[in-house]
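Letters are used for the chains, namely A, B, C and D, taken in the order the chains are written, and counting of residues starts over at 1 for each.
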Amino acid sequence: MSSTFGRLFRVTTFGESHGPAVGVVVDGMPPGVAVEIAAIQRELDRRRPGQSALTTQRQEADQAELLSGVFEGVSLGTPIAILVRNTDAKSKDYDALKDVFRPGHADYVYFEKYGVSARDWDEVEKNPVRCPDRAAAALMAAVIEHARDEKDSVGGVVEVVASGVPAGWGDPTMAKLDAQLGEAMLSIPATKGVEIGGGFGMVAKRGSETNDVLREGRYLTNFAGGVSGGISNGAEIVVRVAVRPATSIGKPQTAATREGGSTTIEIQGRHDPCICPRVVPVAESMLAITLMDAWLRQRAVRGREK
Amino acid sequence: MSSTFGRLFRVTTFGESHGPAVGVVVDGMPPGVAVEIAAIQRELDRRRPGQSALTTQRQEADQAELLSGVFEGVSLGTPIAILVRNTDAKSKDYDALKDVFRPGHADYVYFEKYGVSARDWDEVEKNPVRCPDRAAAALMAAVIEHARDEKDSVGGVVEVVASGVPAGWGDPTMAKLDAQLGEAMLSIPATKGVEIGGGFGMVAKRGSETNDVLREGRYLTNFAGGVSGGISNGAEIVVRVAVRPATSIGKPQTAATREGGSTTIEIQGRHDPCICPRVVPVAESMLAITLMDAWLRQRAVRGREK
Amino acid sequence: MSSTFGRLFRVTTFGESHGPAVGVVVDGMPPGVAVEIAAIQRELDRRRPGQSALTTQRQEADQAELLSGVFEGVSLGTPIAILVRNTDAKSKDYDALKDVFRPGHADYVYFEKYGVSARDWDEVEKNPVRCPDRAAAALMAAVIEHARDEKDSVGGVVEVVASGVPAGWGDPTMAKLDAQLGEAMLSIPATKGVEIGGGFGMVAKRGSETNDVLREGRYLTNFAGGVSGGISNGAEIVVRVAVRPATSIGKPQTAATREGGSTTIEIQGRHDPCICPRVVPVAESMLAITLMDAWLRQRAVRGREK
Amino acid sequence: MSSTFGRLFRVTTFGESHGPAVGVVVDGMPPGVAVEIAAIQRELDRRRPGQSALTTQRQEADQAELLSGVFEGVSLGTPIAILVRNTDAKSKDYDALKDVFRPGHADYVYFEKYGVSARDWDEVEKNPVRCPDRAAAALMAAVIEHARDEKDSVGGVVEVVASGVPAGWGDPTMAKLDAQLGEAMLSIPATKGVEIGGGFGMVAKRGSETNDVLREGRYLTNFAGGVSGGISNGAEIVVRVAVRPATSIGKPQTAATREGGSTTIEIQGRHDPCICPRVVPVAESMLAITLMDAWLRQRAVRGREK
């Protein structure tokens, strides 16, 4: 199997949930970049189970240990390896490999339309669904709680946005920025779709409505989602990911037996009624990794900072 | 720039629309596979402009010449190179590079729901929009013609399906089959989204509705779109691509000038009112390339035919 | 920087000598292969400093910890991660990064001519220079000891051989088996040359002498070193690596100062008078990695065990 | 098979000797670089058979046609495709595939020691063996002619040198500059060895002799061959390639029959008595490709011209 993502900025993951540790090797980070283990830990904490009543109640420490590539808080240019020990590896009461092949997660996150600049991003971390709109967040929480009470799960859409990306990143034919974003986002477990900018919402529209007009240095609309012809165009990069309802639900379900018959099962344990809040930091990371890779490739092409 | 797609089955393209030729090098085809240049030509003909009143009226021969990798209709195992000469390279009345950076295409193709096995695939080539539902095809054609008459364009969704893929292709972490499909489809110009199986339609559903039940060797539903946890599950692979409305339209539009002001432009020439009919064979090819790559990787893992 | 070797069988290393740990992630191992941590430990022990009077006297534990990819002694198909803690990371009395950029190792290993089938391989581990010829081993040891006594170092040639590789591994144009061996061997610190089979010794010979004759299923000679046209030919794979004399020597040396002047330095500490004995297991590993990668690619081409 | 070399600067070749054409796609060339088809043609002419009495007398036009990636003599940043038609593809009187799998070439080129700065490079193209030392060239020619007269072949060593490479190109662990040179050179047909700087000649030397001393900004010796620890050190890059005697010789030879017996064959046709003169431009190209790739990677790391 291939466990590496990226071309110049390559991220290789390893580890099974039943094994002693999971980890990542990040190869391609230029030297001299500040790398703060505390910041990495904060992101892991955001992805961790048991954060609120809306996610699974399993408790995992997810304590990151920096093994290489950073000295006194600054990257060396060598591979950065980070290790997270599985503290309760032995005691898990489910078959771990099954988890690898059947990732199922769900949620309902407010589908904030792209191009809305007045968002309050600080709000995102203030509610358990990570939605910048407080009223919508309350609604989402209610939907998730309702599903949880019925031992069911819900899906959702996660949107991530990158500001400040200059025009020119990405390639026009094969390593397109949007194609790499597609690969990155669909690498996240339980995702079943990805769209950039206007996405599927554009299919019933007309060209005269969706051609982004550039006026006085800024785009009036952002149907392109910051990517034109595979290359960043200077507008915000806007990516939305479709997350399916978590497949692991407590409700009785029909399942096939190995002998070819049918049976009814009830999956035990505390599962995520909605995976979306935990997908948010993962999607942010995948966006960052993809942009890092495009940035390095652009530096190779242009030979100077962009 | 990177112009190569795939890991074991690698497709490298070259050529500009204003240059003498475009071409492709396919590396990784095992030896002994029948490769028929006439079949390749048929696919090129399907993608060609000027096929019907619903596509651009530019005439291009797109005559494929097989340069290497095939002897007497059978692959040698060496790279397969195919060349298409640009017959009217000199006479083009528009700036070709602009075309490279601003791909814009549009259409409206019937959004056939996944899992419908009774489709009449032969119907697809009988109508200019390539829709298997004859009634819907007529409607689509009307929508496109209407947009064309108003010198505008429309978007659409293209769906491609692969039958007969066995369970087991694709990797669980990084080179996931769905992630590679995402990259492949978003490499097609003018695409702004991709979804597998239930896709974005699942986000408002519950886990109890979208868990595909396996009964007597077949899935009753196909919300997973044939891919579970990054690996093919034996069901049909169902991929849908969001195609934006073509950006090149005849209608007057506001455009920025280099000096920072605004002007009104009317783009001349015969453009596609809807790019979807021509995207169909391209999306089919990208699906085939992705599956070919996953198949070869699976052979490396298992060491025998799957 | 790129820290990955291989295409299908990819080995990614990480860690600095002054950091908390070094490690490796092996991606691409098919599932079901026996992986014994004790055997890995044995190889690490062979490469370790302080094994005999002929190598550096620094003591490092090099205790390998298996983090992922193996369950109950059998590979899972997922990435295999192995970690080695640097036990005396803090106490090292030299600048570790300097070590990274100035690898210098040396030795004198008997240059056993290829194709000698009567060798006693068990002898290799019985003497500190890892030479299968006991008399030559004694000579080598004397040469190394003489250099060590004069606070100097010597170079040498390391030969590694793979038996049992069937014909057909490797590609004819770019990922040639010999080209990959060249890359692999020259990735070992302090190597300055690599040759396959007859190598540089053939340049003064004639074609009529060096064309290997196949008689009754076996080659009478092995000037090709087991690789013809980039592809294994069924004979033993024979690779020799030129190892330069270790650059770190105790003898007084002239060195440039940062200001542009000259000074005389004497490097303190216990250095390898000859690096070759420790290169032997590393070169064996690089040979194994290269063959593993070629084997997996061949399985992708042929779809069955070779 | 894999037909691509390089990571950022990727060269993909295609074509069989019996097919209609051979070609190359060069991906990764930054835009704005002058690319002169006449210069490419000159290099092809240097590699062409039939240049002198010392090479094979087969006549091939090798006329290069530039298909993409260059406009008005300047690179566009898109893939550069170059095609060479096989003019006498049909008439060849030998089995072409055999040629692919049994490359055999030979020669004797003077082994000029590295670090000799007073060489007259213009001399190289003035004699058919491409040796900068006129007296040695005459000797080489005599050796080759002697072998040819006896329907035999000779091997040789080809040395290529790159001046002006700044310190800092290449990676310290896996994509080492010397490792990539090893891969590049051993990708050339009929090569059986490669060495950098002092190479195999250093193995019988001592560290006190081979440590290159830096004085007043330049190295007094160049045993490192311009590469230290995988990274260019500012000195000339010096690479030598061992070329085996051509395997195709007119002299009677013993050969195995398919049935397992033996026979005597005499290969007809005009073969190279020494392949080295034609290897020279190929080795120069491989050196240039490798440096181009390292240069682009260095630009990605440093973000500015180096």
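Following the convention adopted for this analysis, a contact is a pair of C-beta atoms (placed from the backbone, for glycine too) under 8 Å apart; a residue touches a chain by one contact, two chains touch by 3 or more.
Predicted model only: the values in this text are computed from it and were never measured.
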- [ ] Can you spot which option in A-C, B-C or C-D is basically B-D again, with over half of the contact pairs the same by residue number?
- [x] A-C
Open item on the list: Measuring between Cα centroids, what's the chain most distant from chain C?
Closed with: B
Task: Centroid distance [mean C-alpha coordinates] between chain B and chain A, Å - done: 26
TODO: Would you kindly tell me how far, in whole Å, the mean C-alpha position of chain D lies from that of chain A?
DONE: 46
- [ ] Mark out which residues of chain D touch at least two other chains, giving numbers and ranges.
- [x] 1-4, 12-13, 28, 77-79, 100, 172-173, 297, 301
Task: List of chain C residues in touch with chain D within their complex - done: 1-5, 7, 12-13, 100-104, 106, 108, 147, 152-157, 171-176, 178-187, 189, 191-200, 202-211, 213-217, 223-225, 228-231, 242-249, 251, 253-256, 260, 262, 297, 301
TODO: Spell out the part of chain B that touches chain D in their complex, as residue ranges.
DONE: 1-4, 10, 12-16, 18-23, 25, 27-28, 65-69, 71, 76-81, 83, 97, 100
Task: Sites on chain C touched by chain B in the complex - done: 8, 28, 30-31, 77-79, 172-173, 296-297, 299-305
